[in-house]
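Structures for review follow.
Consider the two complexes below, in which subunit A is the common component and subunit B and subunit C are the respective partners.
Let's look at the complex of A and B:
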C-alpha cells in the first residue's frame, strides 16, 4: 500500500489528542484508512444514551472524495436504511476537502438530533415519522435501548 | 496648543499621507472619534503579492493623547491567531511608549512592518491541513482563501472527474445542462483557475517529509474498547447483518399482487 497521506496522519493524531465530545474514531490495526467509530446519541433525542458503532473508510482519493460511512449498530432513523447507509448531502455531492473526519461525524450526530423524513432513505421509517411522529420516536427509543445501550 | 488642536494636527497629517485610505468619523460635537484604515504589507505596489491584510481601528478617548487610545484589529486575512496576538502586544507597548504624543502613524508603520515580515498566509491550507512554508507556491482565491497550488490543482482535477463520472451514469434525460463549475473548498464560492498552471506547482514542503503512522498504546486501548462494545452489541442482536438484510427479498406472489417480505 502507498504511504498514508500526511493529511490522514494529521487528522488521526488530532482525533486522538483533541477528541470531539461524544465521538470517538480509532483507526484499524491493519488498515489506517479504516476507522472504528462510536457516536453517542445526542441529548434530548430518542437516541440519547445509545452508543452507535459506525465504520468509516477513507477512499484512495480522500480528501478529494468523501469518506464512506455506515452505521453498524441498528438504528431506527428515517435517513438511515436497514443496511446502515446514511443519507447526508456532505457524504455525496456536497463533499468538500475542507471537511474532515471530525466534521463528518459531527454532522451525522446532528442528523440524529434532527431527522428529516422528507428526504428519506428508510421509507417505512420516514412514513411513520410523518404520519405518527410520537410512535416513530417511541420506536427509535426502543431500538436505542435494545441495541445500542451499554449496560 | 490645546489637546484638541494637537489631535487635529495629527489627523491632518494622516489624511495628507494616506488620503483615501483612511476614514475618520466624528461624534455629534464634531470631535474625532474613530480612525480606520486597512493596512497591507509593503510590496512596492505589487498588489497581487499582498497576501495578508488587516483593518486598524483606533478609538480616541477625549483625553487622547494623554491617555492611550483603544485599538482594535479587524477583518484579518491570511493571518492566524498567534500572529494577530503578537501584533496586538506590540501595539500595546507602542501606545505606552508614546503616551502624551501622537501614536496613530507609529501604529500603522508597526503593523505594516509586521505584515511585510509575515507576508505569507499563516493559516492552514484546508486541503492538506498544513501551513505555508517559504518557497511553497500557493493561490489566493477571489474569496480570500489560501491553498497550495498543488493541493488546489488536485481538488479541481478530481472534483471535475467525479462530476463527469456521475454525469456519465445518468440517463440522457437526467444529465445536467450545467457545465462543471469549480468551487472554493472552504466557502463554495465559484472560482475559476488555470488548472494547467496550478498543476505545475511542486507539493508543499511540509508534505514531502512523510511521517509514518504508529499505533500507540492509547490507541490499542481504544481499539480494545471498541471491540468489546461490538461483541456486546452483537450478542444482543444489535449489529446490522448486511448479508441477511440483503437476502431479504421482495417476493411478488402471482395471485393477488400483494408483496410479502421473506427472510
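Let's look at the complex of A and C:
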C-alpha cells in the first residue's frame, strides 16, 4: 500500500487533538483512510439525543476527490437515503481540495439541524417533510429513539 | 584521472586566448555575440571576472571607436563600466548590444559639463534581470503583503529583498518547466539595443503590451520616426530558457507566470506541504498549490471533463477553491502535465470544441472521438477514430428505420422508467471499494450533450459533469430526471 500522504496524517492528528464538538472521527487500525465517525444529534433537532454512526473513506485521489461518507445508523432524513448515502453538495460537485474532513463533518452536522426537503434528490421522506412536516419530524424522532439510542 | 589532459587543455585554451586577445588572459571564458548598431554581429569571448570597461576595450577597436565612445546594452539597460560580467546574467551565446555614444556629448538639452559624466554613470546599471527581485513580482496586490503576518521577516532577513527575481518558463527546446531569463527589445523594430525608462514593477507590466517606455538605440529610421512623432517607443518583454545555450534571437520560452517562488512559505491548499516554487492561482485570495497537486488537480478535473472551454483563453481551469473569475489565462501552464496527459488535454479540448460546434462524440467505450457532422445527417462514422458507424439519435450501431430504444427522445414515455434492475446488483450499489468495481462497468452518453458519462456508484440521478452542461438526467431512462424516476428507481 502506498505511503499515507502527509495531508491525511496532518488532518488526522488535528482531528484527534482538536475534535469537532459533538463529532468523533477515529481512523481504522488497519486502514488509515477509513474513519469510524460518530455524530451526536444536534440540540433542538428531531435527532437530539441520538448517536449516529457513519463511515468515511478517503479515496486514492483525495483531496482532489471528495471523501466518501455514509450513515451506518438508520436515520429518517430527507437528504439521506435508506442506504445511508448523503445528498450534500460539497460531497459532489461543490467539493474543493481546500475543504477538509473537518468541514465535511461539520456540514453533515448542519444538515441534521437543517434538513432540506427542496433538494432535487428528494424522496418519499422529503415528500412527507414538505406536505406534513410535523408528522415527518415525529417519524424522525421515532427513528432516532429506535435506532440511534442505547447502543 | 584526466589531470594530464586537463593540464593540456588548459594550456591549449590559454594559448588560444593569448592569440585572440593579446594582453588579456581568459581562464573561464564565456562566448557571446556583440551586435553592433547597423546590424553587424561579432563573436567575443569574455572572462566572467572582467568588468564592462574591459568589454568596451575589446569591442571598441572592432567598431573603430575608442572605448569611451561605446555603450553596452543588455536586457533593457545600459551596463555601467564597473559592473562585472558575472553579475550580468549572461549565458553562453547571449547577445550584447554595442551602440556608439552619439547624442551624449553634443546633446542639446544639458550643456556638456563635468557633472554630466557622473549623471551618465548613474543611468548605467546592471541588466534588468539583476535589478528586479521576487518580492515585486509576488504580490500584484500590495495590500496583501502589508497585511501578512510575516512582515517581520522582511526586516530581519537581510537578503529577502535582494533575491534576484525568479521566472519560470515552459521551454519548447527542453520541453519542460525551466527557470527563465527576462529580456527586453523594442516593441517596434524588435531590436535588443533598447533601454527602459523605468523598471517593470509587476507581472502586468511585463505581460501586457505598451506598459513601459524606453529608448530604441537601434538607429533605425522607423523608430526615430516614432520618436519624432512623439509616440513613445515601448519595451517588449520576452523570456529565454536559462538552462540551454541560446539558439539565437528567435529562441524564446513561454512565461508560466503563475509559477512563483514561495517567498512566504504558504502551504499547498491540497497537501498542506510547504514547497518551492508553487502555483499561485489568479484569484483575489491568491490560493496556492504545489506543482504536484496542480498536476493532480488537472488530471482529476480532466478525467471528469471539468475543464472549461473559455472563449478567449481556451480549454482551462479555475482556482481549485472555486473562486470567481479565477480562470488560468495562459494555457501553457498545462504543459506541466506529462506527454500522455497533455495529449489527453488536447484531445478533450478539441472534443469540447466539437460539441460546442454541434458535433458528437463517438459513443464507443474508450474512443470518444469528436466528430463534426452536418445538421441532417443521422449515420455517423468514426472515421479518424475507431471506425464505429452509429446512429446519431440513439448512439447505437447504425440501423435502418426508427430507433429501437425509447430513450432517444428527451422526456419520452414513462414506460422506459419501468426498466428492471437486478436486485442483487442494486444491493451492491454501495460506494465502497468492492462495489466500485462492480458498478464501474458502463458509460452512457449524457442525453443533453452526449458526453460519455460514467456512473461511479450512488444513485441513478446523474448530473452531467461536463462544465457548461450540468444536465440532470436519469441513468435508467436516459431522460431528464423526474419525480417518477425518484420514486421508481432512485437507487436502482
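One rule holds in what follows: the second predicted complex is superposed on the first by the 147 of 151 C-alpha atoms of A that agree within 3 Å, B and C clash if a C-alpha of one lies under 4 Å from a C-alpha of the other, contacts with A are read in each partner's own complex, and residues count from 1 in each chain.
The definition used in the following text is that contacts are C-beta pairs under 8 Å (C-beta built on N, C-alpha and C of every residue); 3 or more make two chains touch, one makes a residue touch a chain.
Because the structure is predicted, anything quoted here is derived from the model rather than measured.
Engineer: Identify whether subunit B and subunit C fit side by side or clash on subunit A in the overlaid structures.
Structural biologist: On the superposed model, which is not a single observed complex, subunit B and subunit C clash.
Engineer: Who touches more of subunit A, subunit B or subunit C?
Structural biologist: B
Engineer: Go through the superposed model and pick first if A:6 touches only subunit B, second if only subunit C, both, or neither.
Structural biologist: Both: A:6 reaches subunit B and subunit C.
Engineer: Quick check on the superposed pair: does A:124 touch subunit B, subunit C, both, or neither? Answer first, second, both or neither.
Structural biologist: Once the two structures are laid over each other on A, A:124 reaches subunit C alone.
Engineer: Just to be sure I read the superposition right, which of the two partners does A:29 touch: subunit B = first, subunit C = second, or both, or neither?
Structural biologist: first
Engineer: After superposition on the shared chain, which partner residues are touched by A:61: those of subunit B (first), subunit C (second), both, or neither?
Structural biologist: Both partners, subunit B and subunit C.
Engineer: Looking at A:114, would you say it contacts subunit B, subunit C, both, or neither? Reply first, second, both or neither.
Structural biologist: A:114 sits against neither subunit B nor subunit C.
Engineer: Of the candidate stretches 44-52, 62-70 or 224-232, which in subunit B collides with subunit C after aligning the structures?
Structural biologist: That would be 44-52, the one stretch with clashes.
Engineer: Looking at subunit A, which of its residues have contacts with both subunit B and subunit C?
Structural biologist: The answer is residues 6-7, 10, 61, 63-65, 82-83, 93, 96-98 of subunit A.
Engineer: For the complex, which residues does subunit A have touching subunit C?
Structural biologist: By the definition above, subunit A touches subunit C via 5-7, 10, 57, 61, 63-65, 68, 70, 81-83, 85, 92-94, 96-98, 120-124.
Engineer: Tell me, which parts of subunit C touch subunit A in their complex?
Structural biologist: Residue list for subunit C touching subunit A: 269-273, 287, 289, 293, 296-297, 299-300, 320-322, 429-433, 458-459, 461, 463, 465, 470, 472, 481, 486-487, 490-491.
Engineer: Spell out the residues on subunit B that touch subunit A in their complex, using ranges where they run on.
Structural biologist: 126-130, 151, 154-155, 158-159, 162, 166, 183, 185-186, 188, 206-207, 210-213, 215-216, 218-219, 222-223, 226, 229-230, 232-233, 236-240, 242, 245-246, 248
Engineer: Quick one: which bits of subunit A touch subunit B in the complex? Just the residue numbers, please.
Structural biologist: Those in contact with subunit B are residues 3-4, 6-12, 16, 24, 26-29, 32, 36, 38, 51, 53, 61, 63-65, 71-74, 82-84, 93, 96-98, 100, 146-148, 150.
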